[in-house]
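Across the two complexes that follow, subunit A remains constant while its partner is subunit B and subsequently subunit C.
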Partner chain A sequence: MKITFPHMGNTYICAKALLDDLGIEYLIPPFNSKKTLEIGTKYAPEFACLPLKINLGNFLQAYEMGADTILITGGCGPCRFGYYGEMHREILRDIGCEMDVITLEWPDKGAGEFLHRIRKLTGKLNPYRILKAVREAATTAMQADDLERLANRVRPRELQRGTTDRIYKAFLNLVKKADGSAGIKKLIRDTAGELLSIETDMDFRPLRVGIVGEIYSTIDPYTNLNISSRLGSMGIEADRRVTVSGWIIEHMIKKALRLPRDLSYADAAKPYLGAMIGGHAQETVGHTVMYARDGYDGVIQIYPLTCMPEIVAQSILPSVEKDFDIPVLTLIMDEMTGEAGYQTRLEAFGDLLKKRRERGVYGKTVALSGG
Partner chain B sequence: MEKQWHYLGVDVGSVSTNLVIIDESDRVIEKLYLRTGGQPISAMREGLKMLSERVGSKVRIKGAGATGSGRQLAGVIIGADVVKNEITAHAVAAQKVVPGVKTILEIGGQDSKIIILRNGIVYDFAMNTVCAAGTGSFLDRQAARLNIPISEFGSYALKATSSVRIAGRCAVFAESDMIHKQQTGHSLEDIINGLCEALVRNYLNNLAKSKDIEEPIVFQGGVAANIGIAAAFERALGKKIIIPGYYDVMGAYGAALIAKEKMASSNSPSAFCGFQAIENEYRAKSIECHDCSNQCEVIEILSNGEPIARWGDRCGKWSELARNSEVG
Partner chain C sequence: MSITIGIPRSLYYYKFYPLWNTFFEELGAKVVVSDHTSKYILDQGVKSCVDEACLPVKIFHGHVLNLKDRVDCLFIPRFTSISKNEYICPKFGGLPDVVRNTLSGLPAVIDTEVNLRKSGKNALLAAYDAGKHFCADKRHIRKAFDKAVMCYRQYKKQLMDGKLPGDIFDKKAPKSKAHGAKPLNIAVIGHEYNLYDRYVNMNLLQKLKSSVANIITVDMLSEELINEKTRQLPKRMFWNFGRRAVGAALHLLERKDIDGVIFIMSFGCGVDSFVCDLVERRIRRESMIPFLVLTIDEHSGEAGMDTRLEAFIDMIRWRCSCENNLPAYG
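Right, the complex of A and B next:
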């Protein structure tokens, strides 16, 4: 059995930590690229969302390299992502590509079913070792997210443009060669040291933009055309509350241990969207409110074309904009997204934020639909 | 007479390449509206050559700005001191022409934008993402199909006597609907007027949704030449539309103004290559880089065989290379 898994930003770091520590043979698919998307688009239904297409591309690329089993997370949520495991299984079978799909999530059936699925992966490993590996993987994910956050903070302040990206990108490649959670964590520490030693302008107060929207497209830099890096090179600091480690902790660990979840976003979203309507719509609305309260200069919503929950959120955001006087730009991604139009919008949004700060806030603002 | 300082603005768009020269008091000395014809480099060379012949001996360029979808390319070819996105450039120009402007409607060759300003700053903007229906190229095509010069297209609409509803959501459907209406015997004037109304409806539904369109409203971009569209806007909004004198080169005018502002706060000399630089031979070449999974399409701009700029790479390796070789 040779396992593979889909890419979503730095998720592979956490997956690698887990599989290394469990001693399971696996294969990391090539990083997301045009090729991945091309392969995925070819076999996926036209109106499926971008994440499904990219993931399908990941699996097929991994299959070519010898992988035979796919490890994915489900969603159990009302967004169609929860059904993607089944979709992938069916599509792969239709193509004639025999791969087994294991969905790693906290099933409603409880611990028994979860352990059964883990067993499928691990064979006869002792439960203590499994638990330890899960814990190490979770902490690795947290540290990887911290590192990304650090890079996002340093980037707009760096004196030599591109330094942060160079170091961070090297890290993303080096991780593949690191050994287990211990090796990865050491690499993260070393990289953090490198990032901290970058020469920065200490007095520079960058504009701050919060990234909200659908989880895959906000987290995955290939999908969002490297938004943090683009903003950073414009001297704008990007922040994102939805992270891989956050998802693991909130949706898997806390669910398993029956711990109360962090629902601050739901409280913030309440006047606008009082119920979970699927996907990350409530997070999107709630986080926009929270960013506004935290004094952020603007918010960018990103989602893949045809994403229902985010379409609902987008129609609510103009009210948040008016009430909190915070500009929101919406960017919708799909395989047809033109880079030029995207860049023009980002630059114009940057100009708008800069002028607003220069002039001080005035009056009310209206929806920045971006299209 | 002693020579004055001047500023050059270049707007390389999908359909037109526009050049504007302004003087120290922001007056337009010379303006050009040329068809890009799919060849931005030759359009720019042509433009610079024409400017040079007309006013080359009279002006001294102190700063140059580039904008439009081809702004990066223009920036390299002319040696721009500032490269700015077209949304900001259009806003700057409109504010200069109509101080206190609150809404800018801009329709160009391939895109349309709405810019909302409040208290002298851009507060909100939107750009069409869905479709090019309602932009200049579509009108161009319809004018050609109906054998009407594009410059007279709008005046036909004004002669309409009854209203015909054309489906304006998508260019392809709009065209089939126009043909359908024409086959059922509607007059050309009525159909063209119907088209203008459909495009305005599409623009307002697509871009202006949930935005407060307050006066003064400025309508600019190549399509502002179409009096049929302008009239349809006035009817739909129930408000007055101002069309500035240089409506077709507002982006370039904005770029020139931004260049002037930039040079006022900078001590370094202009990067402008000069009018004679057009003698150089420019060529663009695309390379697909296979060094990593991104497989970027890198564009290389060669001047007399020497690379002067590269872009399109995500890692910066190629763009850096060009910069280094420039120094060395």
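Right, the complex of A and C next:
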């Protein structure tokens, strides 16, 4: 059995830590690329959301390299993501690609089925070792997210443009060769040291933009055309509250153990969106409010075309925009998204934010068109 | 004077109107329904709504605009779930918030949450919540609700017997012309609001009828029949519509009398993107039944749709009559 899993930004770091520690044989699919998307788009239903297409591409690329089992997480609605496993099973079956799909979720059949799936994955490992590996994987994910955050902070302030990206990209490739959670953590520490030694402009006060939206497209740099790096190189600091580790800890571990979760975003979203409607709609609205309160200069919402919960959030965001006087840009991604149009919109948004800040300094007499 | 409550003739109107109507009328309110969907309503909706929303949601906005100046309050419930352990599209769950934040100058909105995910009994809680705007007496609300449920059951029975909501509500069903041909059995799968709104689907059902076809909709199949089939799925479908559509398709596969299946979906529908694909895969894999997907949005032209429909029907008829005379290569 050779396991593979879909890419979503830095998720592979956490998955690698877990599978390395458990001693399970696995294969990391090639990083998301145009080819991945092309393969996925070819076989996926036309109106399926972008993550499904990219995931399918991941699996087929991994299949060619010898993987035979897919490990994914699931859910039970109302977002489409909960049915990804079944869709993949059907699609792979129709194109004659024999892969087994193991969905890590609480099945309808109850605990027995869940244990059966775990056993299928881990064989006869002792439960203590499994729990330890899960804990190590969760802390690895947290540290990887911290590193990404650090990179996002350093990038707009670096004196030599591109230094952060070079170091961070090298790290992403090196992780593949690291051994187990311990090896990955050491690599993260080393990379953090390198990032901290980059020469930066200490006095520079970058514009700050919050990234909100659907989890996959905000986290995965291929899907969002590397937005934090694009913004960083314009001297804008990007922040994102939805992270891989946050998702694992808040959404999976705490929910399974019924521990109290951090629901500050739900409180913030309350006046606008009164209920959980699935996906990350409530997070999107809530985080936008929180960014506005924290004095951010703007918010960018990103989601894949036809994403149901984010369409709800998008219709609500103009009210938040008005109430808190914070500009919101919505970017919708699909396989047709062109890089140039995207870059233009980001630059225009950056200019708008810059002018708004200047207006704050010089007073409202400066005409926006006058430069 | 009694309060007028506005119900947009859109989305779940086609599923629950008899329930809502009886309930509010029993409580002494005057129920006003928006006009039939028209080009104007559609355009108004498209203009006010975010571009990415699907056609039904855009039309819903149009209907709200049509109503807003002539009622005291609007009934836009928050539908989280209408059946145990199942959801519906997230857009239904956020509908009152979307409408409130998109349109201005609205009258009061009754945004009762309907959430039957945990238990079907929660419907009564929703009724109390919606009813409290009209009547303080809980027993009275309960009575109105019971009566409304009776009406709803009767309506469901009528649907199951093959009546269409248009015939039931408007009581002036145009009779289809008698025709010499043998009637075909065409199953039409789609969301209620696409299937029963004559403007949206460009009179699809009527057109099918006049080309001499018996229509079979998901509403004409019993829950037991559907559930028996959906139990075969490896993972439970967690959308109410999805379960019913897939179950119905699996049932149709086994029936020998189905001549064709039409799936009507709106562009960008998240639920249908998966459900339609699953249905199509099953039908193509396990049967020879012709399958047609019609995707509609605000740009759909009637001529194109007619052409596809006619071609589909012709193909089925030819198949019945001249299959043996045709060479295998077409």
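The working rule: the second predicted complex is superposed on the first by the 350 of 371 C-alpha atoms of A that agree within 3 Å, B and C clash if a C-alpha of one lies under 4 Å from a C-alpha of the other, contacts with A are read in each partner's own complex, and residues count from 1 in each chain.
By our rule, contacts are C-beta pairs under 8 Å (C-beta built on N, C-alpha and C of every residue); 3 or more make two chains touch, one makes a residue touch a chain.
Small disclaimer: the values here were computed from a predicted structure and weren't measured.
After overlaying the two complexes on the shared chain, residue contacts for A:318 are found with subunit B and with subunit C alike. In the superposed model, A:82 lies in contact with subunit C only, and not with subunit B.
By the touch criterion defined above, A:332 reaches both subunit B and subunit C.
Applying the stated contact rule after C-alpha superposition, one finds that A:281 touches subunit C and leaves subunit B untouched. In the superposition on chain A, A:33 contacts subunit B only, with no contact to subunit C. When the shared chain is aligned, subunit C comes close enough to touch A:307, but subunit B does not.
In the superposed pair of complexes, A:90 makes contact with subunit C only, with no contact to subunit B. By the touch criterion defined above, A:160 reaches neither subunit B nor subunit C. Applying the stated contact rule after C-alpha superposition, one finds that A:264 touches neither subunit B nor subunit C. Taken together, the two structures place residues 318, 332 of subunit A in contact with subunit B in one case and with subunit C in the other. Residues 45-49, 74, 76-80, 82-83, 85-87, 89-90, 94, 103, 107-108, 272-279, 281, 305-309, 311-316, 318-319, 332 of subunit A touch subunit C in their complex. Residues 30-36, 162, 165-166, 169, 222, 226, 318, 327, 332, 340-341, 343-345, 347-348, 351-352, 355-356, 359, 362-363, 365-371 of subunit A are the ones that touch subunit B when the two sit in their complex. Listing the residues of subunit C that touch subunit A in their complex gives 49-50, 52-53, 57, 78, 80, 85-91, 93-94, 96-98, 101-102, 111, 113, 233-239, 265, 267-274, 276-278, 281, 285. Against subunit A, the residues of subunit B that register as touching in their complex are 69, 84-88, 111, 116, 118-130, 206-207, 209-212, 292-295, 314-316, 320.
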